[in-house]
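Report on one structure; see the data block that follows.
Chain lettering (A, B, C, D and E) follows the sequence in which the chains are written, and residue indices restart at 1 in each chain.
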Amino acid sequence: MNSMSPLILGLSVLLCVTLIGAALVAIRATRLPIAILAAGLVSLIASILFLVLAAPDVAMTEAAIGSGLTTFLFFFVLARVRGAEKDGDELAGDELAGVKHDGVGK
Amino acid sequence: MSFDWMKIPYALLTVFIVFNYGLLLGAFIQKIGARAGRRYGIPVWQNYVDLIKNYGQRTSITHGVMFYLGPVFRLTGGIGLLLFVPTIYGSYMFSNLSFAGDLILALYFVFFGTLGMALGAGESGHPHAAIGITRGLSQVSVAELPFALAVFAVALQYQTLSVTDIVAAQQGGVLNWTLFTNPLAVAAAMLAFLGSMMRPPFDVVIAPQEIPIGPPTEYHSAYLALMQTNRAIFPVAKMVIYMNLFFGGATSWPEFAVKVFLLYLFSAFVGVCFPRFRVEQSIRWFLIWAVPLGVQAILWV
Amino acid sequence: MIKRAIALLLTLAVGALFASLLVGYVPDSELNHTARYYAERTAEDIGAANIVTAIIVTYRGLDTLGEVTVLFISAAIVGLVLAQGRVLNNAPNNAPRQTRAPVSELLSTGSRVLTPLILLLGVYVFVNGHLTPGGGFQGGAIVASGMLLLLLADPLKQFSHRLIAVLESLSGLLFVGIGVLGVLLAGGFLDNRLLPIGTLGELFSAGVIPVIYSLIGLKVGAEFSSMLASLSETNHTENSEET
Amino acid sequence: MISLAQMAMAAGFVLILIGFYGALTQRNLLRMIVAFSLANTGVHIVLVAVGHMRGRTAPILDAAVPVADALTRVIDPVPQALVLTAIVIGLGVTALMLAYALKLHARKHTLDIAKMTELKW
Amino acid sequence: MVSALHIITAALAAAFLLGLLKEQQRGLAYGITLLTLALMSWISAGWLWTFASTGTAAVEIFTAGTEPPFAINLRIGLAEAALTLLINLVGLLSALALKDTLLALGRRAMAVWLVAVMALSGIVLTRDLFNLFVFFELTVIASAGLVLLSEHAKNDGQALAAGFKYLIVSQFISAFLLIGIIFAYHATGTLNIDDMAAAAPLLGGGAAQAFALAFFLIFIAVVAELKPFPANGWALDIYESAHPAFSALFSAATGAAALFAVDKLLLIGGDAWLPMATGIGIVTFVAANLLALPQTNDRRLLGYSSIAQTGLILAVLGQRDILGEHTLYIAGGLLLSHAIAKAGLYWLSGLIAERGLEAWAALRGQPLLIFAFVSFISMLSGLPPFPGFYAKWELIHLLAGEGRIVLLGLILFGALLEAGYLFRWFGYIMKREAPTEVVDNVAHKFGAVFATLAALAAAWALSLVWGELAGLQFDRFNMLLALPLLFALAFLLLDWLPVWVKNSLAIAGLLAWFYLTYTEYDPLRMIFAVIFLIGGSLTLLASYHEHGRRIGFYPSAMLMFAGLAMLIRATDSFDFFVAWELLTVGSYFLILRGKHSEPHALSYILFSLGGAFLILAGFALATQGAPYFDLAALADLVQPLAPWVFLLLAIGFMTKTAAIGLHIWLPGAHAEAETDVSPMVSGILLKAGLYGLIVLLLTMGRQDFYGVELINAMLWIGALTALIGNLLAIFQEDAKRLLAYSSIGQMGYAMFGLALMNHLGWLMALMFVINHYVYKSMLFLSVGGVAKRTGTRQMYRMGGLITLMPLSFIATLIGIIAVSGVPPLSGFGGRWIFYNAILTAEARLPMILIFLAGPIAFLYLFRLIYTIFLGQLKDEFRRVKEAPFWIVLPQMIYVAILLVVAVVPGLVLRHVDAYLNHFFPNGGLIWEGTTITSQFGYWNPVAIMIIVGVIFMTLFAWLLFVNRRAQKVKQFNIVFSAERPFRPETTHFAWNFFAPYRKALGFLTLPLVTLFWSTMTDLLHTAGDLARRFYTGNGQTYAFHLLAFVVIVYLFGMGVRP
């Protein structure tokens, strides 16, 4: 197994491309949950990549922690800051909007 | 050059001669000034009359210790100045008490009387006295500058501070006088001289014309008499210094009389011809006209 | 926009830096001397089949201790941060808690069944850390996800903070204690040869590695759980009413 | 030909840069944290990629890799060990940041970082 | 010996143990925390003791029973022991100061605290790169958490935001660090620092390049933890918002640990990376100090100062190539000074209720805390006897030796800025109105007070240690043990005694010291010794008039006198400079005691420190790398160095003599000082500057600087100073300011005399030294006494006091006659010598200025005596009494001295004259009987006195006789434009006294110099104020700063690397 098999190469190219695609989604997504999910996806793909790179320990950890726990943590927090998730986005950067969300949102 | 007891009577003699000469000279010059202004003027002995009258006056009040001491300071300054400088060159009799110090002593002792006067007048409580003092000090401080420069130039020229030595160096003919060997210094000094004689155009200090102003404002009777005595002695003492430094000194009393008279006349002449300066004007005038001359004198030596 | 431009510029500059790293990178063809040492000596010295585990638990055990500590203080600070402004839990459950719509029967039942299994899996992973991929951290994460499931099933569930704390602390203390025992009884701090090394590939081998990794697993699980618990106890109302 | 490690490394670097860019441009705290976790993942990939060696297997001694062959068969285990530590630490930091974001929102009713500038100069 | 590893295990065990406790058992938890911290400190202290006493080599600690580089190892050596001790102690003391907060927040906060301290120790101990990263992460996380401790009290979310900003930045940092570490590992095959240091130089080609890049990332990441400018906005926010006890840890311990980490890294990188460290360090030092100038929040200010100090130490580490084995001593001295002082200041800040700098005025009632504050800022400013002083001394010398002049200049400039804001702050404390809410009940804040006092003790202990080390380092006697200094410090302990006891002690001390040492002085030094010591005790007589305890006066005054006493005995540059700094500091504290002296004391200390820095630079240049030199060796300097040294030293000394251009501090400082302090600082202290000039001119003499004869420049400066000083004096309405300006003028004369560089010039200068001491002390006392009685220093508000205060009047009268140089008093001697001196000098133009200055002196002197004592007495002063006995007594003694000196000037001058023959063999005076003869003229003081006396007495007697019935009239019995005035105010002509003069020459008194300096300070201030706006407070902007910093350093640094 001295040279890389085309299958693995193809797989890894695919992995890298999706990885970067997901990452772009993660920072460009208009909705925060999407972004968080995309980030989780990035971690997941990364853990597959780790497997390919012969690092099963890392792969397991990344899967469990990076894509699992972290994503949950994000959602936990997100659930508690409803209404403010658009803060700071150019679209809703206006302060009034933020106040309204908080005041009337529930 | 040291002390012996005979110097005391000789010194008193000098004082006596100069005192009388000063009284007469003052009156005489005043008369000349009056005549130039188409007035008759005072009699020549008028100063004697005034003096005696003042010494004889009864009313005498004092504003305090310094007021009392002011005229004493003043006259001490005048007599001391006279005595610290040899009057007649080459004469043991009239070398006075010049063993005590040199030119610098004389230069600084001028201030002794001024200071005392200022203090005495200050205690009189009269604001005009104080105003006169500020004006006088302001003016003198700048008027002295060209003189100091000239003196320094002369000292540099002759490489000595001893008045006797300076006079000695000028002997042997009119052309040896500082007047000719260092005309710039003399010019500067003569301009300064005008400033220190309290005559127009530099007499705003005592301003006798409009309101009585200046140190003597509150003085009267014996105080005034002391100051009048000083007014006879002090200018002559000052002119002796000028004479010694710039005009070859005097080897005899007649020469002394002539030279002093001419010097006095010079200031009177200028006084008659020019209007009075305000203090700041005279300060500027000295700085612009007299000081550069003095500077030149020093640089050219 | 200018901000974005500058951000892009800076990112690109950093990218250039990375690029030169990438360009200068030449993969090793042989193990370097450190790695060679591990490859050759791990089996003999440590007795762990998983070299990564040997490194983590023994050779670089101090790092791992630090790492556990990172989680420990993170959890503590998360707790502190979220407790800020709240009345300190001298009197925990006095305030009436916000009620939420109950979750579905399926989820709650399912979680009750699944949780023990998940916990078991976690324990398996960290106990076998020295043999197979995985170990304390992964196992701990799995244990914590079991907790997560419980939380999802019953958002109002109160974990026993005390239990978590005791678990966390005890395992931490034991970890340190074993390390110090290493100084006293074996070659140095965290030396695994406190216990016999045993045979490569068996469960009871590699000295104290399984013990330590189990402790790590417990501790990590406890810490994750405590973070999750802290977060979950911070409820929405409290957050928005506070100023 | 480009090796697997280099490709992964490149992907890792790009991921880091994407994360950095996101962190620099997103004003929402949560989005910044997301961006950071991307960057962290990128860092992990780079780390693992550096340790990767072509044609070798994971550093686990078992039936497939006997002890005697270890020297020639396994890849460098050190980066993997480091990454494990890094991942866990990263989680700690992320959790911390999330907690801060939550609390900041509670205090200021906003997640906009540009509105948290009372302290300055 | 307990293994240093247990610093870490103990903390961890305790942290974990805390979790077992119940949430309610907070007292127990707190006890465990303190015990653990104490245990950690004890372990460090044990090691420190071992290393320090036995000098054993560093000890390696292996883990995992495996040798490095395969397992992590720790190392403890002298530096590590000292640093961990510092860290643990700061941790312990801060924990004490945090008692309330920790108890309120419970065991979790305590655990985090323990871990933070442990992690910092770990950073210091570890020798593994990745382990370093782990400890750094621990530190970051713990710090971010501990920032929140202040939320407990304030709860405004600021600390929360600051912590978040820190986390943002640390994310970037840790990414860089990790990538750097892995690539460095890849290049060298090891993570062990020592191993890597050994392997790195062997790398070749591409590997070396890759390694350099990787190392850059590691390096920049760790440096970023040092809060370098400009990537440090987050740190400032933390400093401002965090609990002060945490800030103490963050500043003192974190900074120390991170610096040590950089030091370790530089071991790997080698010398090639040193310039980068220096560059970053020095830019940070200067910029942070500049930005600190406009700060008004105390904690933020301290933050800027911390950053600056860290930058300085980084720069020092970057100079390791030339500092060599001295690095530890220098960096250690700076680091410990910074750490202790900063920790102490932060703890103190915990006692202050409000955040403005002025709020610290609340400390005023607490002498001990004030002393602590003073010690801390002196420490930060590098004043003796603190370690920073030694460090700065050596650093500057080594830099100068290697010709790194720019760096040297920047360091001194930054230090001056720092001293500026620190001493300004001290001025606020002493002078600003104390807030109504004073220090939070000190008893409640026992922890903070205890911690502060512990820091104070540590500060002085370290001074002792560093002084001893200086003995080993460059063979110096420990200055802290110098008898005069000890004597001065003893007054700190005796401050509870009443004034009269302390005053007697002080006088006795001065006299005793003179008795002990008088055999050592040559006639020249004898003059100064007499003025400093005997003169000092004379002046101190006036202090008997004070009652109560007068806290703080005696330590300050005796510090100044100690400096003076040491100055004249100093034979080498080090002793001289130490003495110089001591007298500067002492006099600053003295001046600051004046009621309205705050701004003036500040400008005094700034000018003085600026001058001192120039002197330091001059000495350093002169030694060319040696730690110090014999002052006499200045004579051996040659071109091109000599004129530079001369220039630096001369300007340094001239700041003390207030030469024109550098004089603006003097009027305020001397005028606003207390009654008995003015004569000390004017009559005595000014002479120190002259002494310096004398030493300089004696050894270096004429120097040619690019064609300019420096002596001639000095001649001009002296003359200008005399003129402008006098001119300014005549326009003052404030009596003490008038005297102060007069001092400027007088010093100008003295400088002029020295610069003449001939026998008589020097004699004149020395005569001025003596005369100025006598009459200026007398006048200041006299005027001070009047001001004390009348409650004003405005001369126009006084008048006519002669009858009420006759003794003061006499003193003033004698004084002004002496100053003006009118015969027969002693001033005339000076003038006479002066004229004789200039006759031989070459430069004639500057003399013109002097000629003008002379009569002008007369103007202000007359004004002084007239407006105060003569003229019209005001109604409100009719009941004024003579000045207190103890103020009058020294004046009368001075009068006696003046009269004696006037008659027999030979008493002193003869010896000096003879002594000067060693240096200027030609042109001395001839002393024959009572006559004094020079090359040009002669002078007989006795004859003058007798003649004048006789004439005066005769005339006086005559007047008394003629005028025997004179009677005193009432005040308003004057002829006044035909009216009789009735109000003294309208009749006392005193305000704007020399109006005509102002009209004519006022343009010369335009405050151009003041304008210049105030523009300079304004510019600095504005620059700082504008530049700090760059810290927008937005965490994202800070991230931009960080990345930009990395990129810029990369471009700069890697660009110049081979």
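In this section, a residue touches a chain if its C-beta (ideal position, glycine included) is under 8 Å from a C-beta of that chain, and two chains touch if they have at least 3 such contacts.
Predicted model, so just to flag it, every value in this text is computed and none were measured.
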| item | value |
| --- | --- |
| Touching chain C and also chain D, the following chains | A, E |
| If a chain touches chain A and chain E alike, it appears here | C, D |
| Result of counting contacting C-beta pairs for C-E and D-E, higher pair | C-E |
| Mean-CA-position distance for chain E and chain B (Å) | 54 |
| Between chain C and chain A, distance of the C-alpha-averaged centres to the nearest whole Å | 20 |
| Intercentroid distance (Cα basis), chain D paired with chain B, Å | 99 |
| Per-residue multi-chain contacts in chain A, two or more chains | 56-57, 61, 65, 69, 73, 76-77, 80-81, 102 |
| For chain E, residues that touch 2 or more chains besides their own | 130, 134, 137, 141, 144-145, 160, 179, 183, 186, 191, 1040, 1043 |
| Interchain contacts (touch definition) - all pairs | A-C, A-D, B-E, C-D, C-E, D-E |
| Chain C residues within the chain E interface of the complex | 6-7, 10-11, 13-14, 17-18, 20-21, 24-26, 28, 32-35, 37-38, 41, 45, 58-63, 65-67, 69-70, 72-74, 76-77, 79-81, 84-85, 88-90, 162, 165-166, 168-170, 172-173, 175-177, 179-180, 182-183, 186-193 |
| Chain E residues within the chain D interface of the complex | 130, 134, 137, 140-141, 144-145, 156-158, 160-164, 167-168, 170-172, 174-175, 178-179, 181-183, 185-186, 191, 233, 236-237, 240-241, 1028-1029, 1031-1036, 1039-1040, 1043 |
| Chain E residues touching chain C - in the complex, by the definition given at the top | 3, 5-6, 8-9, 12-13, 15-20, 22-24, 61-66, 69-72, 104-106, 108-109, 111-112, 115, 119, 122, 126, 128, 130-131, 134-135, 137-138, 141-142, 144-145, 148, 151-152, 155, 160, 179, 183, 186, 188-191, 206-207, 209-210, 213-214, 217, 1040, 1043-1044, 1046-1047, 1050 |
| Footprint of chain D on chain A - complex, ascending | 1-4, 8-9, 12-13, 15-16, 19-20, 23-24, 26-27, 32, 35-36, 39, 42-43, 46, 49-50, 52-58, 61-62, 65-66, 69-70, 73-74, 76-78, 80-81, 84-89, 93, 95, 98-99, 102 |
| Complex contacts: residues of chain D adjacent to chain C | 3, 5-6, 9-10, 13, 16-17, 20-21, 24-25, 50, 52-54, 58-62, 67, 70-71, 74, 76-78, 80-81, 84-85, 87-89, 91-93, 95-96, 98-100, 102-103, 105-107, 109 |
